[in-house]
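Chain naming follows the written order as A, B, C and D, and within any one chain the residues start at number 1.
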Amino acid sequence: MKADPKGVLTGAHFLDGDHACCEGALSAGCRFVAGYPITPSTEVVERIAARFPSVGGMFIQMEDEIASSIAIQGAVWGGAKAMTVTSGPGLSLMMEHVGLAAMLETPCVFVDVQRSGPSTGLPTMPAQGDMMQARWGSHGDYEIIALCPNSPQECYDLTIAAFNLAEEYRVPVMLMMDECVGHMTEKVIIPKAEDIEVTPRRYTTQKPGKYLPYQAGRSEIPLMVKAGDGYLFHVTGLTHDERGYPAMNAEAHDRCVRRLVEKIRNNARRIIRLEETDTADAEVVVVSYGITSRVAGKAIQMARADGLKVGHLRLITAWPFPEKRLRTLASHVKAFVLPELNFGQMFLELQRVIEGKSSCYPVPHAGGTVHEPEAIYQRILYAARHSRLKDKKEVAR
Amino acid sequence: MSRVNPVNQYLRMDRMPHIWCSGCGLGTTVNCFIRAIENCGYPREQISIVSGIGCTGRVAGYLKLDSFHTTHGRPIPFATGLKLANPKLKVVVISGDGDLFAIGGNHFIHAARRNMDLTVVCVNNFTYGMTGGQLTPTTPIDAISSTSPYGNFEEPFNLPFLAESAGAVYVARWTTYHVKQAARSIREAIQKNGLSFVEIISPCPTLYGRRNKLGDGLAMMKAFKENSAIVNGADTREVGLDFKGKIVCGKFIDREKPSFLDMYHTTMAERFGPFYEPYEGVQ
Amino acid sequence: MSDGKKSRGPRGVVTINAELCKGCGFCIEFCPSGVLAFSDTFNDKGYHTPQAVRPEACTGCDLCGAYCPDFAIFGMLKEKVVA
Amino acid sequence: MSATEIKFAGLGGQGVILAGIIIGRAASIYENKYATLTQSFGPEARGSACSAQVILSDEKILYPYVTRPEILMALSQEAFNKFLPETRDNAIVIIEEELVRPKGLKSGMKVFGIPATRLAEELGRKMILNIVMVGFFTAVTRLIDYEAVKEAVKASVPHGTEHMNLRAYERGYEYGQALL
């Protein structure tokens, strides 16, 4: 389906990432946003508050993030495409409802403009400290999708992608921005509406009475209904059967949760987006995401100028994590370097996946600013040197 | 059974019997609600029901309407999103005193403040039933609960006063003894524009009643009959509840104020003039 | 009501679904015509359920139905039942 | 042009961020170069000093922050004092000459001064001093085409104020041309 031209601000703009995210939501067909102000995400909702009424959308500033994160789910079940916008501490408050969205299979988008934590931390400065919170923050087992833009253009593009993925898989999608991309201003090209692909909500065509809200079929993803269409359906955050009725036993729970997990895991290959440069013959591959990918890009340029074979794998999708691709790379790559604005969240994931087949080096950073490119460059040098030593040892053996 | 109870068409009979205890007032409240929507003038397809968590939270799951069983304390913000996405819907929140006024208290006062177009029915049984009878914000002074074993010493909320102060346009209280009046009030509340609030005092014989030696459900219902006084238009400051004291019932507030959506239309129509397309939801 | 002929038979019919009943006694207590009383027998869950001991007094007012927390009883005007 | 790092600094209310946005917009939208603007947010941005940093480049910009500005535009003494030390030895330093006394300049620096506030007052609105500065910047740096910046000014100022702002832009530009 093509985008509704009413919300599409076609043209070349000089926008910051927060504003670009708002435009992405409008292009994607989002017409309901509930939010609560929190730095550095506030500019997103400010622009939404200004833009939405003129395009038939509704913005409401709720009393807190908890309310925002469930108001959007009410709106989705009322027929809207909806999102909420927050930063780290707010995302913490929303976590119960990330779980609810996973359980109800409410297609919705959570935008997190990451700032430094823990607690109030550094509200006006960047970090990437919410990556594990986004993945595991709610209780129980479930899967989400998380996208990591590294520019205002991508804040626009990936907001649309987030809505499309949410609809496709009926899953909460996290847009993991950070203060740097949120507040950075660059050129943002907004295409014509007819050139924007938008995934429509997939509603059932079955008649009321026959329709079962959680009958998934082979696709693993059930079709939706909305309130008011005569289906008289029930949904619950409790473990439920295909009718949407509570089913309080271990077998039903296994069936319910297994599908929530597998619908993402089994489709990981289709969901995952990566950007790879020079990985084919690389000895060292830098794995990065979000704003850090740009800083890493500069460090890689420096290392290549020294003649090192350095590849770059950028996670556009952080979750699901590209396990298969990394395992394949590990067969010829001697070392991975993973810089991030935290003390090693995605690095743990990398280590888990590589299983010791290659060396893995973190470049941790508490946030507050981005890395010095020099720090990543030095780590690449170290990794290259260290892995050569390891090779010699292997030869000696 | 050849003759079928007319309320069955509004119930998910495939889920009966329900989980509520013998003598619990929740089923009676559901009966009142069904009688209210039968006569409210809206087709049932346009009525959505949202509940939180707890014994009362299960109401949504038994009603054959579009029904949502959400998270603890959050049915009001869910209902807010549902209503705003599709303003044609009549959205009714039914939840308990703990859900709506402890964990969800902030949402209630803000929904009332902004006069969100919702009906909120609070089934007040003075306790958390599903988790074993703990203290709630409405447990009267001196009442025993599992977390106030020496008697409650915290001042409880006077819900009608709270609702009026926060801005609700319709405020009524009944007990489950007052089935006819309760049904009428819920109907009026649904027909009201803005935030309407109905408190239903209900027996929880298993936990609240037993701990406080109030007898079984029937004894509690008889006590409601004997101890209640109907004072329509009563000053809500005067209707706070004591342990075993008088229960003032009635319709206390019925006033007109522009709702959230009314104010939204007015503001945007003024701001955008002829370019404003009145917001009718997101379809 | 003022028609003397109609008052000879019951105007209403009370219907009881004993299997849904949890024996709270609300219907018996609040029936304005004293139609109901507990039966001696138990239902499957072990509750004494109501029975119509004075069916001729039933007015079909359905107050029993309104009070019943278990949707196990209702009253109805006789002509409606026939219809 | 390879990457050029520019710092726009001054007091809150002087419109330095908008000045940076206009230059960035001119380069990226009207000249098809790459431009990245970042600002310093936080408590200090609400007090006296505020700044915008712009990187202009023919290639995609990776690292987004300015570390060693080649051009410093300072509209207040405090901003000048704060940012001069990090500015490159051969930098172009553009100042509001009635508000900034350029002390501690390095020998390779070229300084261009303009009484932008006074010129803005003469044009009728003191507020438009930032646009006067943008015109002056365009003239003395010759980084971006005159017309491109003019378009960016039009696109960046509130509707209805374009005419006045374009006069401010031209006044600053002429003042700069005269100095060269």
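The rule is short, and it goes like this: contacts are C-beta pairs under 8 Å (C-beta built on N, C-alpha and C of every residue); 3 or more make two chains touch, one makes a residue touch a chain.
Please read all numbers here as calculations on a predicted model, not as lab measurements.
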Chain located farthest away, centre of chain B as origin (C-alpha): D
Pair of chains joined by the greatest number of C-beta pairs in contact: A-B
For chain B paired with chain C, centre-to-centre distance based on mean C-alpha positions, whole Å: 28
Centre distance in Å when chain A and chain D are each reduced to the mean of their C-alpha atoms: 36
Where chain C and chain D are represented by their mean Cα positions, the distance between them in whole Å: 87
Centre-to-centre distance between chain D and chain B (centres being mean Cα positions), rounded to whole Å: 60
Chain D: positions in contact with at least two other chains: none
Touch-based graph of the chains, sorted into line, ring, star, complete or other: line
Chain B-facing residues of chain A, complex: 31-32, 34, 53-54, 56-58, 60, 62-64, 66-68, 70-82, 96-97, 100, 226-238, 243, 245-246
Parts of chain C lying in touch with chain B, wherever the complex brings them together: 13, 15, 17, 19-20, 22-26, 29-30, 47, 63, 65-71, 73-74, 76, 81
Chain D - residues contacting chain A, complex: 21, 24-25, 28-29, 34-39, 41-43, 45, 61-65
Footprint of chain A on chain B - complex, ascending: 12, 14-15, 44-46, 48, 50, 53, 60-61, 64-71, 74, 76-86, 88-89, 106-107, 110, 264, 268, 271-272, 275-277, 279, 281-283
Residue ranges of chain B in contact with chain C within the complex: 1, 3, 5-8, 11, 16-18, 20-28, 30-32, 35, 176-177, 179-180, 183, 216-218, 221-222
